[in-house]
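Across the two complexes that follow, chain A remains constant while its partner is chain B and subsequently chain C.
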Partner chain A sequence: MVVPVVQAVRYSVFDWNGLGPLDDFVGLANYARALQDTVFTSAVLNNFLIIGLSIAIQLPLGLGIALLLNREIRGRGFLRVVIFMPYVLAEVVAGVVWVLLLQPNGLVDAVVEGVGLGGLTQLWLGDPEVALGTVMVVLTWKYLGLAVLLFLAGLQGVPEDVYEAAQLDGASWWQVQRRITIPLLGPTIRTWGFLSMIGSLQLFDMVWILTGGGPANSTVTMAIYLINQGTERGQYGYASAVAVILFVISLVLAVLYQQFILRRDTDSAPTPRKAVR
Partner chain B sequence: MSAPTTTPAPGRPVPLQPERRGRRTAFGGGGPLVYAIAAVVVVVTVAPVAYAFLGGFRSNAQLAANPTGLPDPWVVDNYVDVLTSPSFWRYTLNSTLVALVTTVIVCVLGVMAAYPLARYQFKGREALALVFTLGLLFPLTVAIIPLFLLVRDVGLTNSVWGVALPQAAFALPLTVVILRPFLAALPKELEEAAMIDGASRFGFFWRVLLPLSGPGLVTVGVLAFVASWNAYLLPLLVLSDPASQTLPLGVASFSSQYAQDTAGVLAFTSLAMIPALIFFLAMQRRIVNGLQGAVKG
Partner chain C sequence: MARNRALSAVAILATASVLTACGGGDSDAGGGESDGTMTWWHNSNSDPGKAYYEQVAADFEEANPGTTIEISALAHEDMLTRLNAAFQTGDTPDVYMERGGGELADHVEAGLTMDLSEAAADTIETIGSSVNGWQVDGATYALPFSVGVVGFWYNTELFEQAGITEPPATMEELDAAVQALKDAGIQPISVGAGDKWPAAHYWYYTALRECGQDVLEDAVTTLDFSDPCFVAAGEDLEGLVATEPFNEGFLGTPAQEGPASASGLLATEQVAMELAGHWEPGVMQGLTEDGEGLGEKTGWFPFPSVEGGDGAPDAALGGGDAWACAADAPPVCVDFVQHLLSDEVQQGFAERDMGLPTNPAANDAVSDPALADLIEYRDSAPYVQLYFDTAFGENVGGAMNDEIALLFAGQATPQDVVDAVQAAAGTA
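Moving on, here comes the complex of A and B:
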């Protein structure tokens, strides 16, 4: 595992097509080129946008559904299986189905027209203005199940007597969730956020199938850019430089997240308990 | 239907609180609103998959005329075509082979790495464990280019090993992180008892620990299998020869090759989904527990 990463650093300072000898040393020129390429910078931007939007969309939705499933409702087990199902499907398989759903005159168009919003139908994946939004919807569909699953596991860890005490004090269901459950779920939410962030940074399969990074590079991610430059164009030295940048960004984000967000869990474990009063 | 369940049979002790699991009953079930939300969530989640399965039973003309309709009449040709095509079975066989090899390597190496980390005291143990934890941060994507070049240089392109070995290597951190606490939790007395009975450390590992770690191994095995079964990026680069390609690659190439044949593509993707869905339903608990356990650490 370490070898490929070290190799990437080595390749990244050469102009190399992956075949001949490594003899055209170019120093940091590959890095400079990447940072000046607007496609690459928009890929980085898209990755950050996807990280932010994933958390902003999936956190409230996932939390809502987890709280819903945590009640005594009929068919809870069934619901849980159903919601988690998309997570287990291969991204490629799910992506191919979504491409067909989203094609003009496909199911999505029919549903949108069916609810009387016919004017809104458009080239979901073909219009640079909306493609990234469409990709986000599909990603939410695919990954919401993981958030729900993890939040449910966290909810199982909330001690029951806390609920009884709150109920004796006359707290409403909503008050209990807001003041007790969600604060106690803090560590789980923060861990999920970390997983979601790393996943968003590596995003490739789904976008590759849905849009291939297009139209007009509007949905390109760092991993897509990497593959385009490397295997499609044979610029392995340059692609390695991109890989190293991706690696450094992941590492920096991971360390920052660890320092500023996860650390609260290890340093001050009893804090969430205070919220219980 | 109502009377016999509400009045307990005479002579039997009446349960004080006939509630299930005793959790959350305080806030009761849900009103109609809760069920309505649940129904919407289920429909949105299932619709794409259901559309694919049903769409596979329709003709392209039916799909074009009315995208939302049910099959009328039901057409089985699409499914028959896929099931009788040798390429579909070749993809499936390749996927199975790659996933099995990956899983076996992950389980064997995982337990071998996790065992000393969990049960022996030695210098640098925590540092070594940290290496595996940090490994979680480096998914395959980051290293894909040098990894591909490495696989090519050792001549493993278009071979099962070219995909299975790197996949196993990158699945190892998660495996060790899950297995280590699992192995550490097995009681120390067992080890002492085995030693008294004359078992060597290796004997203990082989005869006692390995059988006992079955559930943990199944969990990591299932996770590795699913990850390998669904993998796309590495096979995309390593397996360029159609004869060696796996199911996700097959789905992708079929769907671009027969882009006009929507019904055919839906049938192909549906059939490609089935193994994963069956596996998921059968192993649901393992997958769920594994992922939840990994996060709790």
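Moving on, here comes the complex of A and C:
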């Protein structure tokens, strides 16, 4: 793990096109350039927006679906599979399918028109104002399954007798969920939040296929920027500097999250709960 | 004694074959001695091209005893990726494809490419001005075997429907054609601005029309774009974009992938025209079920002239592929790349529609009428300007394309394009 990071740091202080020796030392100029580039700063903002929106949308939605699917309802197994399916699908395959669905006069437009909302059709991926929203919808579709799966697993860990006791006390279903289930799900939710945050920071594949960061840089993320402006232009030194910035941001956020949010779990748990990756 | 001699002969032979084996291995890694084993990477990975190149290599081996050519026929993108890796490790194949311009200049600077100026002087003379894009500081490093130019491909039937009788020759006529098509309920032009370079080709052409050849030549070497003609080029383009001639959602439209791409829209008759290179008929064939593309309805006309511009109204924008030898390739490599540019091989190349030959002796062998128009335009053009992004290299070229795409989105001014290029080139 250490070697690539050290190498990236080393490359990042050179102006290097990938050919020949590292002989053009530029100090921190690559870093200064990245921080001054408006496309890069908008990429950072997009990443943070995606972190915020992912949690704001997927947490309530995922929780709601998990609570629903935890009850004895007809077709529960089938619904679980349906919800989880997108997460299992390869990112590239899902992306290509969405591109076809979202193209002008594609299936999505046909459906929107079919339900009588013809005025709402958009250039889903072609309009700089709309594209990021479209990407968010696809990301939610793709990753909601993971949230639901984790929450469902967490719900299995809530002991039955707690429910029985609450029911004996005359608590309503909603009260049980709010006062008992959700607090007991805390560690699972916090772990999921961590995964979601890191995933949002590293986001690349889906956006690359859907929009490539466009139109007009409206959906660019840090990883997309790294490829577009760094390696595609043969600027490996600069790309390394961007990679180091991405790494530092991820590291700082991860450490802060550990310190202030996950710590509650690790402190109280007898065996420390480790993040999956 | 005799037995001993025989034994030592066997031993010597064995040693020799081990040595040649080593030599073979070496040349595989680019360090070939004079043993005549060469590696050749090309991108004609389907027939008839693949079989043709196998034949060409076999003929050459026969005519030059002691020479062995190991061919790798790769898919285009695959080849580019592997070449890139090869350049970084210095492990280049002996014969490979160069696209010229800034990319080539980088390879030359890193000492990876052989100077062919003297050894291939005759062939260079035969090819003529097409080699310009593969010269660095006056020396020629690769021999272009296919050079095409960019122009408008159009659907002759849709033009007829809109009542357009003559392909537009000036920008005013293009505007009028756009209006006529719109009036007839036809989307006029598709452009794959999502991939950026198709949009950038418009700016390259308006720059070609606005700027004199001397200004352009100067700009390519000094990367100084302060001449006002470059801003004027952006203004011309802004004017065109303002007439809203492009397909719906063009900012996110890819160039060639799938039926909703710019090429796909033209191939499926959703739009009337598209600015693209000589590859377009081939791309469109791959995007239609019958494999015909636009078929009989395919037409071609050059980029219109711009009133008041300093540039030649018939200068062409283009580019192509050239054969190069690795710096450490065996000397026979030069003979081989010259053989690839010979009358005979280029004629065979043209007959099989593998590209647009650069050896004039092969021009007549081009069978497709639209491509024949294009070759005629190329050969009568006062000069063929290599695509700017290729000419300036990935870095400056990439910055240029990004900013031009933003101009299409209405988020950059003509001055911004010039500024972005200057900033990337460090000549601001």
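Here, the second predicted complex is superposed on the first by the 267 of 277 C-alpha atoms of A that agree within 3 Å, B and C clash if a C-alpha of one lies under 4 Å from a C-alpha of the other, contacts with A are read in each partner's own complex, and residues count from 1 in each chain.
Throughout what follows, contacts are C-beta pairs under 8 Å (C-beta built on N, C-alpha and C of every residue); 3 or more make two chains touch, one makes a residue touch a chain.
The structure presented is a predicted model; accordingly, all values stated were derived computationally and were not measured.
When the shared chain is aligned, no partner comes close enough to touch A:252: not chain B, not chain C.
Look at A:97: by the touch rule set out above, it reaches chain B but stays clear of chain C. In the superposed pair of complexes, A:204 makes contact with chain B only, with no contact to chain C. After overlaying the two complexes on the shared chain, residue contacts for A:226 are found with chain B alone; chain C is out of touch. Applying the stated contact rule after C-alpha superposition, one finds that A:8 touches chain B and leaves chain C untouched. In the superposition on chain A, A:126 makes contact with chain C only, while chain B stays out of contact range. In the superposed model, A:106 lies in contact with both chain B and chain C.
Taking chain B and chain C in turn and counting the residues of chain A each one touches, the greater count comes from B.
Of the two partner chains, neither chain B nor chain C is touched by A:35. Within chain A, the residues touching chain B in one complex and chain C in the other are 18, 99-100, 103, 106. For chain B in complex with chain A, the touching residues are 20, 22-30, 34-35, 37-38, 41-42, 44-49, 51-52, 55, 64, 66-68, 135, 137-139, 141-150, 169-170, 172-173, 226, 229-230, 232-233, 237, 247-249, 251-252, 255, 262, 265-266, 269, 272-273, 276-277, 280-281, 284, 287-288, 291-292, 295-296. Listed in rising order, the residues of chain A touching chain C in the complex are 17-20, 99-100, 103-104, 106, 123, 125-128, 131, 211-212, 214-217, 228-229, 232-235. Residue ranges on chain C touching chain A, taken from their complex, read 84, 87-88, 106-107, 109-110, 112, 193-195, 247-253, 258, 260, 393-395, 397-399, 402, 405-406, 409, 411. Within the complex formed with chain B, the chain A residues making contact are 1, 3-5, 7-8, 11, 18, 64-65, 68-75, 79, 81-86, 88-94, 96-101, 103, 105-107, 109-111, 114, 141, 145-146, 149-150, 153, 160, 163-164, 167, 173, 176, 188, 191-192, 195, 198, 202, 204-205, 208-209, 223, 226-227, 230-231, 236, 239-240, 243, 246-247, 250-251, 254.
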